[in-house]
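Going by the order they are written in, the chains are A, B, C and D; count residues from 1 in each one.
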Amino acid sequence: MGKGRVEAFTDGVVAIIITIMVLELKVPHGEDFSALVPLWSIFFCYVLSFINVGIYWNNLHNMFHAVQRVDGRVLWANLNLLFWLSLMPVTTAFMGENHFAPVPVAVYGTDLALCAIAYTILAAALHRLHGNDTAFAKALGTDRKGKLSLTVYIAAVVLTFVSQWIGVALYVLVAMIWLVPDTRFARVIEK
Amino acid sequence: MGKGRVEAFTDGVVAIIITIMVLELKVPHGEDFSALVPLWSIFFCYVLSFINVGIYWNNLHNMFHAVQRVDGRVLWANLNLLFWLSLMPVTTAFMGENHFAPVPVAVYGTDLALCAIAYTILAAALHRLHGNDTAFAKALGTDRKGKLSLTVYIAAVVLTFVSQWIGVALYVLVAMIWLVPDTRFARVIEK
Amino acid sequence: MGKGRVEAFTDGVVAIIITIMVLELKVPHGEDFSALVPLWSIFFCYVLSFINVGIYWNNLHNMFHAVQRVDGRVLWANLNLLFWLSLMPVTTAFMGENHFAPVPVAVYGTDLALCAIAYTILAAALHRLHGNDTAFAKALGTDRKGKLSLTVYIAAVVLTFVSQWIGVALYVLVAMIWLVPDTRFARVIEK
Amino acid sequence: MGKGRVEAFTDGVVAIIITIMVLELKVPHGEDFSALVPLWSIFFCYVLSFINVGIYWNNLHNMFHAVQRVDGRVLWANLNLLFWLSLMPVTTAFMGENHFAPVPVAVYGTDLALCAIAYTILAAALHRLHGNDTAFAKALGTDRKGKLSLTVYIAAVVLTFVSQWIGVALYVLVAMIWLVPDTRFARVIEK
């Protein structure tokens, strides 16, 4: 089964998710700068989620580039990832509207962790289909960054109940690892 | 008439339907776990509809793969299917927000049944265009699974007025028949 | 300038318009059949607009099929059409939520008329680019159906202030002319 | 890395942005013409933003046409532009719902300026990748129109606090420079 339509469908869904998130940014009431101040947490969450979904698009782009074919298992593993990504707009608004209260921060992190797990399952399904000695397996490698991200997300969810700011800081940290791949920090991790 | 743009348009509409459903998942009020509890029915319905739309995407993907060409009749049969699918976000929210009251459950099932009928009409329009001895006709076969699904949907709508949980259980059952095609249960049905 | 991306962009916007219209179908309050009754006008308008946008997709599909190239003028004529089509979800909900009050019915018809004018402008821009003796000019012909539609829309808007049901009936009539191209009625018109 | 999927993703996101803006056009309350009057500012802002996003689509279309390849830096520069464009629906509604109060007008202009800066960064990232003597560099040229637009946006934001109508007039002016490229005015500027 060719990969073309799966790629196109995935790109379509990710493009919609990244764009409809803005519909959760409600139009501020009031017409002076003070109307904008309470929005800072919602805006911050929007930026963070835009970057996170952007990172997934980037990674899916690269992963499917190395793919030769797909099967039913891959289609459903991909839909599973899209499902958890599709919750991003809601979990983002939940965290932003509650000004980083612990439970919403933990829910957001749980969604990120479930996306990371779904991504790992998708990679495994593609690995299984292509075999060990293929370009796909080489491109995927040991996926240290992916495993590290998942570990940090789980730690972040737990530590949120110590202080929610640890959770938020760790989410930002993971985004930066992916976003700034050329800094020394990321290079150390990738070794 | 080439099938390329019909495929792309269909994929686009299905990608939008599956993604905007999340906009019906309203951001919970409150900031602790108890705020999430009343959402269980909405979340359950969202998962069920995500899977159902995913199944349609999958089936449309496979069906159009075997298609050589389309005509005006096929275009409108396809738009008819997209119409009933486009009601999914509303019927899903109607069922979820009313915690599986009988009428919303019956409305949801009626939409599923109308999608199944529309799918059958689309398959018939494509069959008519391609003829009996083509790859398309062979790939379609007798479409037992489709006919069974439609029968179960109609039964579910009726039985909802005995108990709505029978309706919901039957919707889940049909989704599982399509989702888990390799289990023994599905294999028996396909014989 | 190639037509590929304009086609893809147009299909994308039309797919989004036809799908987000459903977001104006608010989830009914209440959980029995009486909750659905007041929705009949909204639902009827949704069906009518779904068909109208579907007709535009169909016509744009066929028109761009005969096109060889596009220029800046065509791009903006196309965006102009997409603009008036993009108002469909709002004018549809305006008509449906007010149960066919005369002003909303006239506003809806005005939008339809503006879409029809924009379509004519787009066809003229493409005609101008391709010349008189091309496949495009032949495929376009005198566009009687388009001109008839526009005339009927304008008549409908005016007659709405006699009775809104005349307006609504005329909108349905135009949709049927396009939707059922093989009936004798449509054949007579096309002569 | 091929440019195909970046183009498709960008077109997808821009198509969604330009279309979901209409969801901020709330259905008017009331059923006569007086219900429409208070909407004039919202409608005017919608038209302005539709044109602005249309201009970006046009420019991105032309820019990517001259591009041979993309890298990680370009992907993120592109996502940065899409981020600021994605705020358009919200800043548009903020300006329209507050009937051109100075702060919303300044916020809208700030978003336009940030889009223009992001566009410049994207062009620079593509320039850097392709080098000085390529078709891309020639097509980009000195980008006088882009630089002029950015300057006018910044001036508009500042002058909004003298009178918001100066700001709005300048936004309209910039849109017209791009929209009507064949008028003498625009030709003078491009010299």
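Here is the rule we use: a contact is a pair of C-beta atoms (placed from the backbone, for glycine too) under 8 Å apart; a residue touches a chain by one contact, two chains touch by 3 or more.
Bear in mind that the values here come from a model prediction, so they are computed numbers and not experimental data.
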_Neighbouring chains common to chain C and chain D, by label_ = none
_I'd like the Å distance between the centres of chain A and chain C, where a centre is the mean of that chain's Cα atoms._
39
*Approximately how many whole Å separate the CA-defined centres of chain B and chain C?*
27
*asked:* Could you pull out the residues of chain A that touch at least 2 other chains?
replied: 8, 12, 16, 20, 23
_What's the contact topology between the chains, one of line, ring, star, complete, other?_
ring
*Kindly provide every pair of chains that touch.*
A-B, A-D, B-C, C-D
*What does chain C use to touch chain D in their complex?*
1, 5, 8-9, 12-13, 16-17, 20, 23-24, 72, 75-76, 79, 82-83, 86-87, 89-90, 93-94, 97-98, 101-104, 107
*Mind listing the chain D positions that touch chain C in their complex?*
7-8, 11-12, 14-16, 18-23, 25, 27-28, 30-33, 35-36, 47, 50, 54, 57-58, 61, 65, 179, 181
